[in-house]
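Here chain A shows up in two complexes: once beside chain B, once beside chain C.
The block that comes next holds the complex of A and B.
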């Protein structure tokens, strides 16, 4: 595997974790978030700052980033409980802008210079190679998949689905809405913080510009593109849209235009996403398999 | 100084009002967050510039920009949103964001990535009213906004069409059951709101003397904050929110040295208000 392929794979792995984490909030619990990059950024800054300011090793920074981001997710989840649907979508977008502005304008967070020279993780004093880093990212992807699988099979997963389908009915049936919404926010944010930490130590330089509203949209598009509310959807979405910039390199100037158009066309003709429930591909695959079984 | 800041705030506020009003009208009838509205606004600026270069008359440029933007808005509704109304709310949202991205890129590819100047000429001397100085472009912004708001108010409250539009905005199904041609009314509301956005685009192009592909970015987010602040779908709330944000921005930048950028301010105000009134200032549950 060339260094280039490994870099692309690591980036995609980080996007897969981000897409899975956003899918917990938006896909399972049905709370539209337009500010997921804020949590990605909080994780990256927490990890990067602990490493550069206090010289902490990577394996201390990563859990620290997860805990900090989860906690911030809980704190920011509280105002989000007050508002619903479209009000919530715009509130999360506002949170993204405010968090980004804080990173950019408060000197404590490095201001416009960002955080530089974040060390790569090392084991027994030896710096981790790129292939080792890729293996580690893939392990964390697997971990995220396991957490997701556990969630959908648990009582909490059912509760989240009931909130998504009909909040009033869920409340009537005795589901503690506040509690499970906070669970979704904390879990989703903490996982985004994990991705942030992996990103910070891979890039070694981070700045506020990496975690803006556009990045939130990129993550959300991955979830929706693949098929929201499923596990396979966000994974496939992150892989395809993560590869897209590389595949479209020959038509560099038209890349973003194609990206936008692709989103519009998919939503117009295949709103469930490529592999969502009842999407064209899944329906036909099911038909083929059931015919074979019969 | 204080009066001057208020006048400057009102100028910014009127531009925000023109953009946000269309957004809130669209939300009223379809319950869609129409992010691509800011794309229509930038398109209006380009169309106005193009028309002005052909026929150097601001009135003509304004009419051309408003009409074509209105047509574009109607097309967006007909071709895109119409089929998405029964889908989950995230579907039109993502489509709208995708369209906005594609539109900005289309402007860049067609007109180039540069900032273009708007070659309109005005008298250099500002009007002076006591302590307040009002420049000619500022006067234009006031005049056009006032005229358009008055026209909108007249259409919404004094015509059958406006009555139907308000009915659809209150309850689409009930309006349809009572014989309102909802399809036509929805298209009409898209035409009106997009025309307003086009007008705002031309005004901003003239006021800042610049037209560029990403000029819709900041208005896109800020107009969303404003309509949420005012209570989604509420027209008086939106106008109030627009002037509140416009004036508080100029004030806080002019007097207090806050460490946050002016563009994050609208969101801080919005989040603070939503904590106490989760349905916005003028919104109903």
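The block that comes next holds the complex of A and C.
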């Protein structure tokens, strides 16, 4: 595998984790978020700053980033609890701009210079190779998939689904909707923090520009394109949309245009995405398989 | 012995609108109590107060002697009060059995270990199927609930309420929008559930249905209680007749 292919794979792996994490909040719990990159950024900054300022090893920075991002997710989730739909979309977008501005304008966070020289992880004093890093990212992807699978099979996952379907009916069925929305925000944010840490130590340089609103839309596009509310959807969405700019350069230059147009078209013609429940592909695949079986 | 439900001098104001004003009545264990009144009388609002959806403006609601004020809807549900909605609200995108599972989870949503445990266990599936069979929709378990006809959606809402193992269920116009046969099935079901020990507070516009189901009726009009008593007395109550004729000639 070439170094280039490995770089692309690591980036896609990080996007898969991001898409899975956003899908917990937006797909499972039904809470639209247009600011997911904020949590990606908080994880990256928490990890990068602990490493560069205090010289902490990667394997301490990563859990630190997860905990910090989860905690911030709980705090920032509070203003999100009382608002729905359009208002929630605007609130989360606002959170993204505020978090990005804090990174950019507060000197403690390195200002416009960002955080540089974030060390790559090392094991027994030897710096991790790129292929080892890729293997580690894939392990964390697997971890995210396992957490997701556990969630959807649990009573907590069922509670999230009920909130997505109908908050009032959920409450009257015994679901404490405040508690479970916080669960979704914390879990989704913490997982985005994990992705942020992996990103920071891979890039070695991060700045506020990496975690803007555009990035949030990219992550959301992956979830929606693949099929929101399923596990396979965000994975496939992140792989295809992560690969697209590499295979087809113009996509990179016009990324926001391409993704924006795609979102509009999907919402109009195929809101289930590529592999969502009831999507065109899944419906036809089911039909073909049942015909074979019959 | 104390009453099952005690509505004590309840008022609910929405800004200047007095949706309920100083309403009191009680309900005994095992009873089917009817709640009637013209449109906008405050019936659904009373359900929303009992279930903790809105806080009361003044007054107290006691259930099994316990004051419900300050409790959220999920806590009230966990105490064993189930409800259905005037305009049905099933979890539309989920299967019928999953709808029931969600309410069965009421005992699992509190503790951490409880809520992270698997929900599809042989025991929970069996319990859900039993409830579906109880309301006569076992054959639809795997259907998406939005695809059910209205009558069955109403049965599903009752199933979901029963999954809370309630001692009281609140039915908001269960017969509304149903055809005669559907209505008869539903009345039969409510009777059976009541026979098994669940008390029922039912809002209903269809007078024959109310008269068939209830031995006692409370009448609201403009947010106040104007009458209370057995069906015969209510039917012949001048104030009640005027309340209905005065506002909606066709009621």
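Convention: the second predicted complex is superposed on the first by the 279 of 294 C-alpha atoms of A that agree within 3 Å, B and C clash if a C-alpha of one lies under 4 Å from a C-alpha of the other, contacts with A are read in each partner's own complex, and residues count from 1 in each chain.
The criterion applied here is as follows: a residue touches a chain if its C-beta (ideal position, glycine included) is under 8 Å from a C-beta of that chain, and two chains touch if they have at least 3 such contacts.
This is a predicted model, so every value here is computed, not measured.
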Partner chain in contact with A:132 - chain B first, chain C second, else both or neither: neither
Superposition-derived comparison: chain B or chain C, residues of chain A touched: B
Chain B versus chain C as contact partner of A:243, first or second or both or neither: neither
Which of chain B and chain C A:71 touches, first, second, both or neither: neither
Touching partner for A:104 - first (chain B), second (chain C), both, neither: first
Contacts of A:83 with chain B and chain C, given as first, second, both or neither: first
Touched partner set for A:257, first chain B, second chain C, both or neither: first
First, second, both or neither for A:268, with chain B first and chain C second: first
Touching partner for A:8 - first (chain B), second (chain C), both, neither: neither
Chain C-touching residues of chain A, taken from the complex the two chains share: 150, 153-159, 161-162, 165-166, 168-177, 179-180
Chain A residues within the chain B interface of the complex: 26, 32, 79, 82-87, 89-91, 93-95, 97-98, 100-102, 104-106, 213, 217, 220-221, 224, 228, 253-254, 256-257, 259-264, 267-268, 271
Complex interface listing, chain C residues touching chain A: 51, 53, 72-75, 77-78, 82-83, 85, 89-94, 98, 101-103, 105-106, 108-109, 114-120, 160, 163-164
Complex contacts: residues of chain B adjacent to chain A: 27, 31, 33, 79-80, 83-84, 87-95, 97-106, 109, 221, 224-225, 228, 232, 259-261, 263-264, 267-268, 270-271, 274-275, 278-280
